[in-house]
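In what follows, subunit A forms one complex with subunit B and a second complex with subunit C.
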Partner chain A sequence: MRARTRLILTFLFPASLLYIVFFLYPALRALYTSFFDWSGFSDNARFTGLDNYRQLYRDDLFIESMSNTLTILIAGGIIVFGLAFALTILLNSGIRGRKLFRAVIFLPNVVAVIALTTMWSVAIYHPRFGLLKNGLAYLGLESWSTILFTSPQNIFKSMMAAIIWINVGFYVVLLMAGIDKIPTELYEAAKIDGANQVQMFYKITVPLLWDVITVGIVLWSINALKIFEFPFAFTALEPSPNTYTVAVYLYVMGFGQRTPIYRLGYATAMGVVLVLTVILVVIVLRRVMRREVIQY
Partner chain B sequence: MATTTPPTTMVLSRRTRGRLQQLVQQLPAYAILILWSAFTLFAIGWIAMSSLKSTRQLFQEPLALPPEPRFENYDIAWNAVDMSRYFLNSVIVVSISVALILLISAPAAYVLSRIKFRGSNALTTVFTAGMGIPYPLLFIPLFALMLDLHLTNSLPGLILVYVSLSLPFTIYILTGFFITLPSELEDAAVIDGCSDYQVYWKIMLPLASPGMLTAAIFNFIGLWNEYQLALVFANTEKTRTLSLGLYALRNALQYTGDWASLFAGIVIIMVPTIVIYVVLSEKMISGITMGSSK
Partner chain C sequence: MKNVKLLTLLLVAALALPLGVGVSSGQDEVKLVYWSMWNETEPQAQVIQSWIEAFEAANPNIDIQATWNGRQNQTLVRTALSAGETIDFVDQDADPISGGLVAEGLALPLNEYLDETALDEDMPVRDVFTPGTLDLFAVDGQVYLWPYVYNTSQFWYNKDAFADAGIEQPPATWEEFLDACQKLLDAGYDPIAAESDIQFYQIDYLTYQAVRYGGVGFLLQTLEDPTGEMWRDPIYLQAAQNMRELWDKGYIPPESAGYLWPAGQQTLGVGLAAMELVGSWLPIELANVVEGSFEWGGFNFPAMPDGAGDQNDLMVYLLSFMVVKDTEHPREIADFLKFTTTQENMQQMADEALVGVTRVDVEWAPEIADGAAAAANATAVFGMADGGVALYPELVNNILYVNWSKLFLGEITPEEFVETMVDDQAEYWANAG
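The block that comes next holds the complex of A and B.
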């Protein structure tokens, strides 16, 4: 028994040590830091209580970043899941090349985000040689082809389109794997009883897929709330305030871009708000998505 | 008369008609899936094609094939910034990180999933909860910590960050895998006098190798493509990884407007992960649901 205890300790020790020192400690430390006005790594931190949070509430740029983040979370989420569901149904309609299609739809997930941002902002949206402009012109849609996709008014929507395109594949894979686990006898029995496709979708697929859908929505929420890489690199040189997410604004405040800002306590407070949002969203989702577990 | 027609052709034609009908019904599905896939493949293919043009050709005939391939673009991309160093940095950082991640996560995942002890479930929850913590929260406090340890802007520091922050996901995916392994072999080995360590090294780890491979692929691709942590912890001339290098290249070429060379840079960073994906896509795709299986 002692040998077993020793095994448990040795096997858990390295992972626990690294996790506590480089993950949990900084995470808790962030909460502490967020109560300080702190401009650098010298000892000039001044305790200001909840002041950083009060300022966040009045900071227009933070509100815009938060609203962008929530737009990605909610509007983006609805579109991502709508498309993922639609594509999954199409892939499961008995077509040939199901795995090949799935593999291609998933492909953007293995490409570096920095390559994808460049691909979208330059190759697809470029106002002169961009694929979208030339594609639309080729189809005779001249009036659409003159749209400036990266103008301040359009850039957020253009970015959303790219983010959606990247993410759909991941959820298609998730949903398809869930559907593959549903026994086919259920569908056969339903068919014999005269159920149509729509009925089978709502009465069999959705209820039996509920756990997978829940996991998917929780994953999307976490990933959408912390989104950083795509908005950060989507615009050239410096991220544009139109595409700021909370994470990007946090980075700009903490580490600066061309013009350093270094408001470290303030930036950290944003991180804390982000975590609280994640926790809140996950709790709400758990509540909303709770259903009886269906055994099959 | 009906008898003049051999029954087989009747059946065949009916079958063909059925198949045709099915195909017509499936036509919209094919159309949409082909459209979606074509867009993805075309966008990536177009970048590869454009990386062999001159920027002037790119502007004049964006959809045309390159008249003759211009491999100089790759030279330019490789040398405009110190790409060979960045490539090497990525190879070093990612391979060492992935090896360490597996070496550290696998024993932890094994203990958490196969050995019952008080608090094991709570501990698993604590580890996997890390997946819900957004990295940006850690930017400043972790940077301060690394500064105290004199590990900012160094490759070992970046490796340490990568390994530590990859533990929650890897432990999650590996516990999901270890749980599915049968316990008979474990029991038999114990009866045969194997110690717990031997059971792990000789029985369970080899059995878990498909799961280890999946975890390795995910971590490799994730870290190869990663740049937000590299941006915070290793953004100097000497320590940049390929992702940051491409970001630097983009900012450098923005001024000269040499888009074709920029596309060459994109190809350089995309090729390794796409090759791995083409070879191992089934492994990856099956891995996505591994952790979430009951």
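The block that comes next holds the complex of A and C.
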């Protein structure tokens, strides 16, 4: 028994060490830092207890950032999975060029974020020369073509549309991989029993895909909560407060841009809140989505 | 046995000899670590690299190791210094570095070196700089920044468009400015180009109006008011109303509310718009957009009616070197900085990087010649948000920029802007303790 324990510990040691050094210690250190007013430039840090956390609740920009982040998580998530399911069903309906369409839908995932933000902000949404404006005008939708998609009122929704467009492909591939594993006999049997497409989707596809769906939703939740690159790069020269997410605002407050704020303690408090939010969301999702595993 | 001892002694001596030589020559060798805000391929970096090579050739014992970090330089420097890494000198935009490394007490005062005689010139180094540039970010008389690039904030305009609209002289007063805008509109131009997402461009309209109405330092004084009540001064409501008037009359085209940089400035480059209030880097940024015959001009923000400020008071964006306080080689760095400031080297920067520089006796590129004139004639210079960016970055970034941007883009009224500033600033100072 002792030899077995030693063996287990030996195998666990490298991974545990890496976990402690590269995750656990920095995480605990971040928690510790969040109780200080600290610029990060020197060792001069002033202990302020929970002040940073109290300030978060009075900080309009943090609240707006959190609201934007949760909107991406919830509204964006519903649309992403709705579209992913619709496209998955469409691609599995026997259309020709299935693999080609799947590759095209997935393509944004292999393109650099900066190229995507440039494409959306410059080529598509440009208020005078943009594809969207001219496309709508070409279709005779003159009143729609005058919409300023990147005005303060619309820029967040426009950015979210681009984020959705990028992410749908990943979840289509994920769902299609799951669907491919469902035995075709189940659908054939259902057809013989007179089931229609909708019934087959709810009675066969969804239950047998449940594990994949759960993993997909958890992945989306984590990525949506910590989303940074796209909102940061969408407005090229500096991030716009209208598109702040928590991660972007954290960066602005902690790492200084053209305005040298450098409040690393405060930014770390945001990071802690973000991590706690991720943990909470994942726990809730795991509980809500818990189902009996169907073996097939 | 004797032979073995002798052999050992000889061997030790043989090993120690070059070591001794190494130690001796090592004392003369000086390695300077320079972290830069430029990317290696940028023309400014290439000019600085050529300065480094020329300086090293003249001083063979000095080795300057440059790291080209790009605009995140200060943040990287912060992390590196915290980790104990040796960095001797850096460069960055003066406003952020003044509010960052300098404010944190990590910069070396440069006064004694600025009092030395300039290279090849019979005057103190401080006298070769364009007036105002050294003192702008000085703290209690101590100069921490050695500026070398000088960007002016002015209206940069298309001379042909102005001529086409019948405008013979750039406007000097607000009334003349509105008149020029109307003429440009009538001639079929968008008078003013603007970006919807660059708040530090948008704020220049407020900064300049505050400075023209109340004098240099008035906006800063307002920001320092813990009650926020100074925002109720009638000039701020007037400034906000003036701003909206530019939109309401179509001088700033409505689609500008959706322009994400560089969409706005490109309308100027392609001849649709006529001018933009921005730094003197604009003509160079648009060099690949404008046609060959495009002729640039620049004029100062107009004087406001009954304003206390002078129309020659100029907002500047300086780029500066900063020496890290704990460097072991301040003498050698100072020698290098003096070398960078020679007339010849400054002219090289102006010619090859096409930027303004911090010596009056250097000719700037033709596109930004009006910037050089504005710098030479400046009655006073001031930094971003009248110095507010360097001194109160969080107040400026999270409150002033945000509220002015909402006013700028028509999300709130001028009256709401004033009231919001009063409330938000009072709350900021109350929380700041």
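Note that in this section the second predicted complex is superposed on the first by the 272 of 296 C-alpha atoms of A that agree within 3 Å, B and C clash if a C-alpha of one lies under 4 Å from a C-alpha of the other, contacts with A are read in each partner's own complex, and residues count from 1 in each chain.
Everything that follows uses one rule, which is that contacts are C-beta pairs under 8 Å (C-beta built on N, C-alpha and C of every residue); 3 or more make two chains touch, one makes a residue touch a chain.
Given the structure is predicted, the values throughout are model-derived calculations rather than measurements.
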After lining both complexes up on subunit A, report clash or fit for subunit B versus subunit C. clash
With both complexes overlaid on chain A, does A:Leu174 touch subunit B (first), subunit C (second), both or neither? first
Would you sort A:Gly82 into first (subunit B), second (subunit C), both or neither based on which partner it touches? neither
Contact-wise, after the overlay, does A:Ala247 reach subunit B, subunit C, both or neither (first, second, both, neither)? first
Mind working out whether A:Pro183 is in touch with subunit B, subunit C, both or neither, as first, second, both or neither? neither
Who contacts more of subunit A, subunit B or subunit C? B
Determine, under the contact definition given at the top, whether A:Arg128 touches first (subunit B), second (subunit C), both, or neither. both
Let me test your reading of the model: by the given contact rule, A:Pro152 touches which partner, first (subunit B), second (subunit C), both or neither? second
Find the residues of subunit A that appear in the contact set with subunit B and again in the contact set with subunit C. 41, 122, 126, 128, 236-237, 255
For the complex, which residues does subunit B have touching subunit A? 22, 26, 28-30, 32-33, 36-37, 39-44, 46-47, 50, 58-59, 62-63, 104-105, 107-108, 110-112, 115, 117, 123, 127, 130-142, 144-145, 147, 160-161, 163-165, 167-168, 171, 195-197, 200, 221, 224-225, 227-228, 231-232, 242-244, 246-247, 250-251, 254, 259, 262-263, 266, 269-270, 273-274, 276-277, 281-282, 284-286, 288-289, 292, 294
Applying the document's contact rule, which stretches of subunit A touch subunit B when the two form their complex? 3-5, 7-8, 10-12, 14-16, 18-19, 21-27, 29-30, 33, 41, 86-87, 90-91, 93-95, 99, 101-108, 110-115, 118-119, 122-124, 126, 128-131, 134, 138, 165, 170, 173-174, 177-178, 211-212, 215, 222, 225-226, 228-229, 232-233, 236-237, 246-247, 250-251, 254-255, 264, 267-268, 270-272, 274-275, 278-279, 282
Counting only contacts in the complex, subunit A reaches subunit C at residues 39-42, 55, 58-59, 61, 121-122, 125-128, 148-155, 234-238, 240-241, 252-253, 255-263
For the complex, which residues does subunit C have touching subunit A? 72, 74-75, 78-79, 81-82, 93, 95-101, 103-106, 195-200, 254-263, 267, 384, 389-390, 393-394, 396-398, 401-402, 405-406, 409, 411, 427, 431
